[in-house]
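Two complexes are shown next, each including chain A; its partner changes from chain B in the first to chain C in the second.
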Partner chain A sequence: MTSIPTPSGVWTLRLGGISLLLHRRSWLMFTLLVLVLLGLTVLATSLGSGHLGVRDVIATLTGNGSRLQEIMVFKIRLPRVAAAIIAGLAMGMAGCLIQTLVRNRLATPDMIGVNEGASLAVVVFALYLTLGNWPWWASPLGAALAAAALFALCRRPGEQGYLFIVIGIALSELLGALGDFAMSTQPLAHLGSIYLWTMGHFAGVSYQTVKPVALLLLLLCPLMALVNRPLALLRFGDATAQNLGVKVPLVQLGVLALAIVVAALGTAIGGPVVFIAMAAPILASWLARDNLAPLWLSALCGAVLLLGSDTLVRVLAQPEEIPTGIMTRLLGGILLLGLLLKDRRGAD
Partner chain B sequence: MTALHAENLHFAYQDKVVLDDVSFSLPRGKLIGIVGPNGSGKSTLLKLLARQLPLQRGTVEIHGKPLLGYSLKALARELAFLPQRPMLAEGIRVEQLVQYGRHPYQGWFNQWSAEDARQVARAREVMQLDAIWQRSAASLSGGQAQRAWLGMILAQNTDLILLDEPTSALDIGHQAEVMEAVHQIAAAGRTVLIVIHDLGVAARYCDELIALADGRVQAIGPARQVMTKALVDRLYDTDVDILPAPGDGAPVIVPRRRTRALQQPTLREHPETEGMQ
Partner chain C sequence: MPALQKATLIAGGGLLLVLLTLSLATGAGVYGADAVFGYLLGQPDYVADDKLAMVVDTLRLPRTLAALVVGASLAIAASLLQSATRNPLAEPGLLGVNAGAVLGLVIGLIYFGVESTRGYLLWSGAGALLGNLLVLGVGLMLGQASPLKLILAGVALGAIFGGLANFLLLSTRVALEQFRFWNLGSLSASSLDAVGTVSPLAVLGLVLATLLCRQLTLMQMGDSQARALGIHTGWVRLGVLAASTLLTACAISLAGPIGFLGFLAAYCARRIEPVALLRQLLFSTLFGMLFLLAADVLSRWLLQPYELPVGTLLAALGAPALIAIVLRGGFRSLLTVR
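Let's turn to the complex of A and B:
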């Protein structure tokens, strides 16, 4: 039997009648990012008030730490690290889904009212319904409602990417104003934790909120894998995608629903951290080059960026606590400026 | 033998009737051009046939089976459609573009078969994509880009191919490059239906022509019989000369000048007066 010629840039995997194509660069980058994330996890666990060396962390993680070290690692540091990773994964995926669907890099949960919807819901719960504390699902609920409203207003997201973003910005102003109004009616002393949360804040998170979010994300993974290839074909426009046999409206609807749920989950743990959902897919596309919808890479990029930012604010602000969202905003702003300036140079 | 049969097609956007009672059959293995003025419904007709728009009234049969009887994936194995300005995904290489043409044949656990490899290699050869195979598709010239897209369409390995003005934005050199490629595809036994703006190009390359105006078929038949002065004048509301091309006698269509044409003899007699009027 002669072997079948393989396209360049991919590995083919053959097993009986099964054949799979693996985008070589994407898988190399995937492995690399997993290693970076592992390294960052150990580093982030060792950094902070109270000395804990990298070696101590590894020893504790492998079950050879002291009682005190175990408490520091498993009870204090790791919950926050896990929270940043899970939220980052969700934001990276949501960003990739929405950007690819709308065919615009600016279409991210940060820009189109999802974050404001999450904040508004938390404000309403905390101030009017549950007196100070809010259930973990309050923010995903608000985010999902906001996104659903946006999609109801836009109908076909693929056709009018620009309109989608402009309507989203208007919606986010509206929801933001409602949230700010609700907060302004309350005494300042009540607002501290809510304010920090709306900025994106990971201090003091527990496994209690991380667990359900992680579990739901895991359940959604098979669906992501299912839409990944048709999603990539949508980048050629609706007409070409349909010509290649893709049920365009169905795929758009499915991706949309997934994007809403994942974006909403992303806000559940540490609040609406901005810019991760925008930066992660851009970084992933840059790493993967000609992979048209690098969903998994984008998720990992989100995790690395968010864990990196959170660790940075922890170390820099010690012993104060500043919201993680401030750091991601700073880094994201620099990234966006860099991209825009690069584009301008390219256009000249 | 008929590749595609359309009967009594009618289509309207809200109140505006775009196609009205359009019927025709496409013989297998021919290159058939659709010509007509702007807004005559050419693109709409193509989109209807490719199921990109819903059929409002009338029937379309492909190889004797109704259009709606095919699943989208099955249809994508019978009919390939290239829209007027296809959207390129940034960063994609020519090789990948052509490979995506195999999507209708692939599944979750069947992502690359021997047949996929064979069809992609054939498309690469027929469209002469060797030199640009690894280039980024965004970096290609207009003619090269269209050849790459045609490569994808060819890899789809369908009997029917619908092309919506693949030469519209191209200069005459690139136009010829693309039309030669299209001709190659038809010569290999495929049925190609192509919307063309340029009447001369249409008459030279196509076996048959369908002339559309106001959403109705005005003439249909062998290209050189259809392309008469009377038809062109009526279709485009203009006044043209049709000359036979030296060599093969293909019709060359040139518009007449309307008012100045009458003055030309006097101008020729007194060239020094030119520019003084």
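Let's turn to the complex of A and C:
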């Protein structure tokens, strides 16, 4: 019996009759990103008003801090950091799912109006149908409606390229205008944090919204693992994937629904932080040296990018609070322009 | 002139008169068209009414005139940009030029304490110039084969400018409340003074645009063809840059950023006159004024006693129109000169 040669760049894990191929570079990068994220967490926790050094943070996190330090770290700083990480994970995953499904680097929930739909729903519920708490649960509703409208307009987004994106942009302009109008009926003082939230803001988030969102994301993780493999096959085209045993329409619909829910959950915490969902899979695919962005790597990239932007904006804007989304908008705009110029020879 | 164009001109002119009357006759205050026209024509009964004078001079007349100036400016700027980039989807709002003008104005507001209409014009003009330069540069780099990509480049530029403007505004907290309304695009704050300051410049932009028409029409055949016919394409582009910057600055300093209007007006004009730019400009101006007047009357009337910002209304109407046009692929057939 001849043995099949293992592909290069892969670790083989054998457990009795079962063997698992682990993409070496992806795993190395995964570990690296986790370390970066941990470092950023400590750094972000140590920054802010009131003196708290990196060493104090580490001491407090390992349970050796004073009472005051514990309050500062666990009650004030850490919720914001956790919110940025969870939202970043969700955005990275959602961006990767939709990009792979539509086969277009620019097709991300923030470009095609899904995030705008989510934030419009939250704004409407928060302003007009107040039901007590922060209505984070309204965001999947709005996202699903926006996505339904978009996919009713574009039947074959995989083959439409830039057309799909431009239609998505028009849709997000429309939804954004409606949201602006809803907010313009109220004075700024009355709006409170909603105005900043619609730009993507993480100051003052509490565990109250972070917890349910994180829990739901965790529940969706097995589904994503399930969908990961058939999704990777879809890149060869519908017909080939069908021949390889993928139930194409079912997978497409499932991935889309999953992506929308995940994107909406990402929006629910800190508002629509733009361009993270676009940048994360691009960074992930560059790190993995693979055209297809690995889902988990992309999620981690999203978390690193969002936490990094949040920390950057906190440092730059001291002592004022500036929404994180403004920083990502600035950086993301530059990224988008670079992508377009790089792809200049390609037609529409 | 073909029959369709004649008919459009007559119908458009008639509609413009109707809308002007409506615009003067609706709004806060109980006065109808008869009172307003009586006042404007100098009938002694009406002139004696102080309240009527206040309503007409500070509310309705400036607003109506501003709608005409802003509508015409944005429409002409869009027509020029469409010809220069050979892209039927181009317009100041979609390409990020408006966002550049807003950034300029925000810098003027925060660091130089600008308060006059002249200052607004200057600073928004500087920002619009930057935006136009970048957009035309990116357009040249992308080439003419990608009208959709230029829109995405406009989104990118808009994001960069908008991000910077918001960063400055929120980090200094100067004039945030006013800016928030102004940034939606509205004619409700216009005054006769401001209209008087801006109008001559808008007329200058219009004159410059008409001077460029013949050359731009020929340039639609391609740069090398146009050069063979003796046209200095570089100078023409520079003229387009100047005219569209001036016109965008005029519109922004009167009404704030208003998107989709120029695109809609120029698109409709192109459907009626596909080749000759001078006629296209005529129709574009007419449509721009018509659309903005109609939208402004609607915005006053829809949600009484509240007011819908006219920029929001136009975005809500223009975005579906853009979707429909892009979906039909109608913009591609307009790329070729028939």
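Please note the rule applied: the second predicted complex is superposed on the first by the 311 of 348 C-alpha atoms of A that agree within 3 Å, B and C clash if a C-alpha of one lies under 4 Å from a C-alpha of the other, contacts with A are read in each partner's own complex, and residues count from 1 in each chain.
Just so it is clear, contacts are C-beta pairs under 8 Å (C-beta built on N, C-alpha and C of every residue); 3 or more make two chains touch, one makes a residue touch a chain.
These numbers come from a predicted model, not from an experiment.
After overlaying the two complexes on the shared chain, residue contacts for A:Q69 are found with neither chain B nor chain C. When both complexes are overlaid on chain A, the residue A:S285 reaches chain B alone and has no touch with chain C.
By the touch criterion defined above, A:G17 lies against chain B but remains apart from chain C after alignment on the C-alpha atoms of chain A.
Contacts of A:S26 after superposition on the shared chain: neither chain B nor chain C is touched. Contacts of A:T41 after superposition on the shared chain: neither chain B nor chain C is touched. When chain A is checked against chain B and against chain C, the one touching more of its residues turns out to be C. When the shared chain is aligned, chain B comes close enough to touch A:L244, but chain C does not.
Once the two complexes are overlaid on the shared chain, A:E320 sits against chain C while remaining clear of chain B. Contacts of A:G333 after superposition: chain C is touched, whereas chain B is not reached. Within the complex formed with chain A, the residues of chain B that make contact are 50-52, 72-73, 75-77, 80-83, 86-89, 91-93, 95-96, 99-101, 103-104, 109-114, 117, 120-121, 134, 156. Against chain B, the residues of chain A that register as touching in their complex are 4-9, 12, 17-21, 103, 229, 232-233, 235-237, 239-240, 242-247, 285, 289-290, 292.
Across the complex, chain C is touched by residues 106, 111, 153-154, 161-163, 165-167, 169-171, 173-174, 176-178, 180-181, 184-185, 187-188, 195-196, 199, 274-275, 317, 320-323, 326-327, 329-330, 332-334, 336-337, 340-341, 343-344, 347-348 of chain A. Note for the complex: chain C touches chain A at residues 89, 138, 141-143, 145-149, 151-153, 155-160, 162-164, 166-167, 170-173, 176-177, 180-181, 184, 259-260, 306, 308-309, 311-312, 315-316, 318-320, 322-323, 326-327.
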